[in-house]
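See structure below.
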Amino acid sequence: SEQAAGGNDAAAEGACQPSDVRLVGQVRNESNPYEASWLAGGDAYAKSVGLTQERLTYDGDSTKQQEQISQLLAGDTKCLVMNVLPNGDSDTAPIVKGADQAGAYLVTQWNKPADLDPADHRTWVSHITYNGVESGQQIGDALATAIGGNGGIIALQGILDTAAAKDRFAGLEASLKKNTGVKLLDQQAANFSRAEALTVTKTLLTKHGEHVKGIWAANDDMALGALEALQQQGLAGKVAVVGIDAVPDAVKAVQGGTMTATVSSDGAWQGGIGLAIGYCVATGKLAVKDIAAANRAFFAEQFLITKDNAADFVSPKTNPADFECANVFNRVAGPLT
Amino acid sequence: MTVTAGVTAAPRRRTRRGAAFRDAGPPVALVVIFGIFAALSPQFRSVDNVQNIVDAAAVLAVVTCGITFVLMMGSIDLSAAGVMGAAALTVSLLVANNRNDNDFGLLGILVAVLLGCAFGCLSGLALVLLKVPSFMATLGVSAVGLGVATLLFAGVQPNISDTMLKGWAIERFLGFSYLTWIAAACVLVGWLVQRYTRLGRYAFAIGGAEEVLTLSGVRVKPYKIAVFALAGAFYGLGGVMVTSQLGAGLVQAGDGYDFSAITAAVVGGTLLTGGRGGVLHSAVGVLLVMVLTNGLVQVGVSPYWQGGVEGLIVVAAVAAAVIPQRRRNQVVK
Amino acid sequence: MSIPVALQPATVSAKARPARRLTGFMPIIALAVLVAALTVADPGFLTQRSLTAASRTAAPLIVLAAGATLVVLCGGIDLSIAALASLSTVLLALWLPDLGGLATPVVVLVATVIGAVQGTAHVLLRIPSFIVTLGGLSILSAVALVVSGAGTVRVVDDSAVKWLDLYVGGYVPMSFAVAVVVVALIALVLRVTPLHSWISATGYSESAARLAGTPVDLVKVGAFCVSGACAGLAAVMLVSRQFSGGPTMADNLLLPAVAAIVVGGTAITGGHGSVWRSLAGALVVTLLRVGLPIVGVPSAYEQILYGVIIVVAVALTLDRSRVSIIK
Amino acid sequence: MNASTPALEVRGLVKHYPGVKALDGVDLIVRQNEVLGLAGENGAGKSTLLKALVGLVTPDAGEIYVRGEQVKLRSVVDAADHGIGMVFQEQSLVPNLTAAENIVLGSEGAAVRRGVYRWDTMRRLAQEQLDKIGSDIDPLARTDTLTFADRQMVEIAKVLRIEERSQHPPVIILDEPTSVLESKEIETLFAQIRRLREFASVIFVSHRLDEVLDVCDRVTVLRGGQSAGEVATAGAEPGELHRMMIGSTGSDDHYHENAAAPVTAAEPRLSVRGMSGKTFHGIDLDVAAGEIVAIVGVHGSGREDVCRALFGAEPTTAGEIRMDGKKIDLPGTRAACAAGIGYVPAERKIEGMVGPMSVAENMTLTKQRARCTGPFVAPRKQAGLVDRWIERLSIRTPGRDTAIGRLSGGNQQKVVLARWLVAGDIRLLLLDHPTRGLDIGARSEVYRLMRELAASGVATVLLADSLEEAIGMADRILVMNDGRVAAEIACPSGGKPSPLDLVKEMV
């Protein structure tokens, strides 16, 4: 026989009482600022509609994420809304399949294989991400400008087998093609980790010495680790550093001039918007078939943050209006490419 | 009542003491590997880089120092990651920081170290009272430590502004950072404890023949707990040092240190079955591991392969070190 | 010679047996207590669907733990199982398009061979299994990273592994059934052949076993082979539920697998234990991993509870009469 | 305390273990300044009684009096405070500590102040103890670098710390201290015991009854956990003791020399040419079917390693080994087993048996085929086989499923021997101290067994426990000295050499 797990029928779509909706937010852990702000954003949204968000964290462990999802889907799924950060590209497919079968409304963020499309699914309402190639290129360009278009840089890569790491590095390569005076001296993986970035940077600094004029990091955590390394080598302020995520410490560093640029990823908004989209569909305020194809999988708006505009991002304020059913797609920057 | 000896003192037979041949393997391996990298890469052999290697070894050296005492007893300790995380958060919230108005300076550091000590006690108690094998007891304690760290983290990254603690990573003395000197002091203290205190010698003896200690009327349990507590204190200090390096208290401060420390200790010649090795052995092991990680980057091995090559060399180094000691009916677990 | 030492077997059975039997059932008791506690915390937890999901979830962990149990029984440890499983998911995903149904046995075979290589290195080079397999872990991870191109390998046509996602009798996940069959098979083979004696003798006292002519080296290499094969099979299960292979997919299952073995009551020092115990242990660990967050324990407390419960569980299940010194 | 108060008195001591009554109301008196012998068969309860006297075993009933005062001994420290100390049956030193540390272990006194070692003081304290027994061991040598005999000396030096600890004359307990010593070392030990008697009381346990009679003033015999009587040693005969131990008359000819058949086989069963290894060089050795060849030599003569090398458990660098004319390669113990070679190691506890496993499993560990049908274990077949051998060797065990670790030493040894016999395909037996720690009865049975095996054509290489044993059992004796065969002495029934003949060649 086929499946034990039952599902809701499609006819039930949009038939939920607002008070029956179950909101679940799942991220890797609560121990980094970015994901903590995500969950906080989710909590705030849930509160605004008189509900509470169930928080799930899986320690960056793919198998644990799957296990939690299947256990979740084995419970009451009638009005279940999930806002999920899949650990890696490969984790999205089984989550989508499980949600589909159980009839749970699902919004995924960041990671998704290119050939998997929400439009082919019933309850996978939307996939949201930021354009990694674009952000990688933007900070690459900013870095090139900061070092005067000439000189060596080193790159710190994220976890090698994630789309975020690959896209951002592809963006850097595009930027390098444009800025021919800039030379990539070395690239090492520091796994999105502040501590690893510190040691790797120190090693690369001794390896390349004076030639290092800039450091490109695939996220802010690594950029902050690289900043510490510079400080310990007495090079703080002499080498330009760029990152991505706009975590508060990085924005402050940009403001203070120790970092050159970062790109906004708005954790609090991400935590709220996924739940909002699902809630609107579950309660019938938004019908899946009415959602434009371009909004089923989209890049969210992101901004390059430099010294000029850093003040605006020091404390990212989410606007409750963003989460109203009519506005949930306000921050769409374009369809996935 | 003592009766004076009826036999006159016999002239002492001399037995050779001091460094044994079997201990020579790891230092030789260290020199060889260093030599190879030095030949391959001019940057590698630069003074700056040697300083960099030693500086980078500081935290691992402190953690390995602690784990060595546990390994000498024949137990194992996987709690470093959790304990370091908890200590990192604790210290970053107690010294001057961006989250609260605390500014306890050294006292805060002391509290973090004592917290590590307390976690070590927990592991020891679970082993001694509940009779849970240390592998599991310390794994459990690590989880508890991470949980406590996450609670303290509470969503906002604590950054430290305490100039002394930050200075540890930045200020230098004779070319090496203060952290490196702290690590050197730890190794020295560890060595003294190992050689000149009952705690250290009993840890060594417990690994050699625990049942004999009991037969001699030694109560082993308090020493076991004390060893785990001592190790915990070293991890606590390790967490503080990571915080100094990163300028922030991270829940992940101890990520990966548990297995790296065990690897370093074993590469240095400490046996997992206990009763052999020591703090100096482990210090050599730490340097060996750090030379490898640094050297592989310096000679430009692809990041994809670095872990694999390192694993291969570690296995080869241990294999080479055990060759002189191979016997037919030797037990290798 | 007649010596009036009291030898009535009656005394033995009256006093020792029930206690022994109770410790034998401890893993099951721990499991039952845990399910009860979770149900109290969230009455909705104890449903057929929920248990079905949990057993499906547990399947790869059971298989991984069962295989590694043999190595532990021999007195060693295999830290490479999870990395080997990750590599196997990559290989399976890469080979499925060309080999189809044949890919599964081929991957299991390759994993077995990798296990054999590590076992051989351990016995020939006399390096502790902890170090060999720790080295193996990094090497296998590097290989997985390289052959996968450091990314996920999608399985578009999963028909060859789909059978593992079916349900037996509508309720029992096929993967769980397979896991139970694997455990039963290993247990049966051990029970009806001299292998059980050989493995326990090796684990309790390697030197005595060797001098009694036990093929200690072969037994150990064999244990590593089974451990490898099980890692391969666990990988197949993961691919069937994940529709892809990834170079780090199973990495985080290492510590849970070891925990499952120890929570089952198998002595980490070797000799005493069984694969059945590991099955129960794997279920306990799975329930802790998924149960705690699902019944609403917040993340930080979840870790604290996990640490405490797992220590208490081991305290309950370990049969101390069989292990003289706990390290 | 007046001079007639016993130093130590035990009344009605009882100790149960599951399935066994180890002590069943034992009474014992140890007078001041006497050496009391304690004799009894394996499993009679000697060690259990002695452990109760040092607080390691808590008796279920009974009283202990020290110098007339009733005491409860809760731990070794407790016993030491009452002046009672013990050298255990199995060596109990920490191998990776120095001799000095082992000597002061548990009562470091001035050698450790506030947890900090004072190596000089420690060295001096240890030196004082070693001087007492006239040993020239370096106190700062690691214990595992010492010879077996030296380690035994360290144990005795250690137990003598009692003197410093208690204000009273100590009671020193020696549980089978001689079973691992050689005759010269035994002489030294006895001198020490006689010296101790000057100021202390000693309890001495040995299965060598002549020794017991030699060094003790009085012997108490235990049987089945009860006191079976006592004998003043002056003028007593071993036979008399033995009778008390077993409750009936034993045979006088322990070695069953009459049962020895002349060796007739022309072709040697085992033929070794030029075998060399780390500790032995150019060994030539022939053993015929049905022949018992003993190898004698002092510690370090290399005979143990020769024995292990023949079993493939010790690497060789040169030489050739043939069984029945067929060359065998010995990469490991498996090949030796397959060639019909069996080995009984001296270190029974560590190398001979797997303690937590059952008698049945230990007995069938090697010859699995004997208990299997095809590749499968046949429980019925195994039960029958094991029970048959339990009966045949009169192994005293609650049952075949009892863990071997819970049997007495002699019975453990019989199980280990039986391991090689269950399949009936043994051709060469290598016996390394097969009677170490066995009582006379058990020993006699092992000898009978060796005779039976020889009669059925099994070749035997014996590393005997004593020269007498070697002479009594062997058809031929090889003397090893410094890794080489120094002499070969024929030893036929009726034409036995004297121990002196052997000693001449050994040094």
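Each chain carries a letter (A, B, C and D) given by its place in the written order, and its residues are counted from 1.
Note that in this section a residue touches a chain if its C-beta (ideal position, glycine included) is under 8 Å from a C-beta of that chain, and two chains touch if they have at least 3 such contacts.
Just so it is clear, the model here is predicted, and its values are computed rather than measured.
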| item | value |
| --- | --- |
| Of B-C and B-D, whichever chain pair has more C-beta contact pairs | B-C |
| Intercentroid distance (Cα basis), subunit C paired with subunit B, Å | 30 |
| Distance from the mean Cα position of subunit D to that of subunit B, given in whole angstrom | 42 |
| CA centroid of subunit A to CA centroid of subunit C, Å | 35 |
| Residues of subunit D whose C-beta touches two or more other chains | 313, 332, 351 |
| Subunit C, residues touching no fewer than two other chains | 145, 150, 207, 210-211, 299-300, 302 |
| Multi-partner residues of subunit A (each touching 2 or more other chains) | 29-30, 160 |
| All pairs of touching chains, each written as two labels joined by a dash | A-B, A-C, B-C, B-D, C-D |
| Of all residues in subunit A, those that touch subunit C in their complex | 1-6, 29-30, 54-57, 59-64, 66-68, 70-76, 88-91, 93-94, 97, 113, 115, 160-161, 166 |
| Subunit A-touching residues of subunit C, taken from the complex the two chains share | 44-45, 47-50, 52-54, 56-57, 60, 145, 148, 150-154, 156, 166-167, 169-171, 173, 238, 241-250, 252-253, 286, 289-291, 293-294, 296, 298-300, 302 |
| Touching residues on subunit A, where the partner in the complex is subunit B | 29-33, 36-37, 39-40, 157, 160, 186-189, 193-195, 198-200, 202-209, 224-225, 228, 231-232, 234, 247-249 |
| Contact footprint of subunit C on subunit D as seen in their complex | 18-21, 24, 41, 43-44, 223-225, 246-248, 311, 313, 332-334, 336-337, 343, 345, 350-357, 361, 364-366, 368, 371-372, 375-377, 394, 396-399, 402, 419, 441 |
| Sites on subunit C touched by subunit D in the complex | 1-9, 11-12, 15-16, 192-194, 197-198, 200-201, 204-205, 207-215, 217, 271-272, 322 |
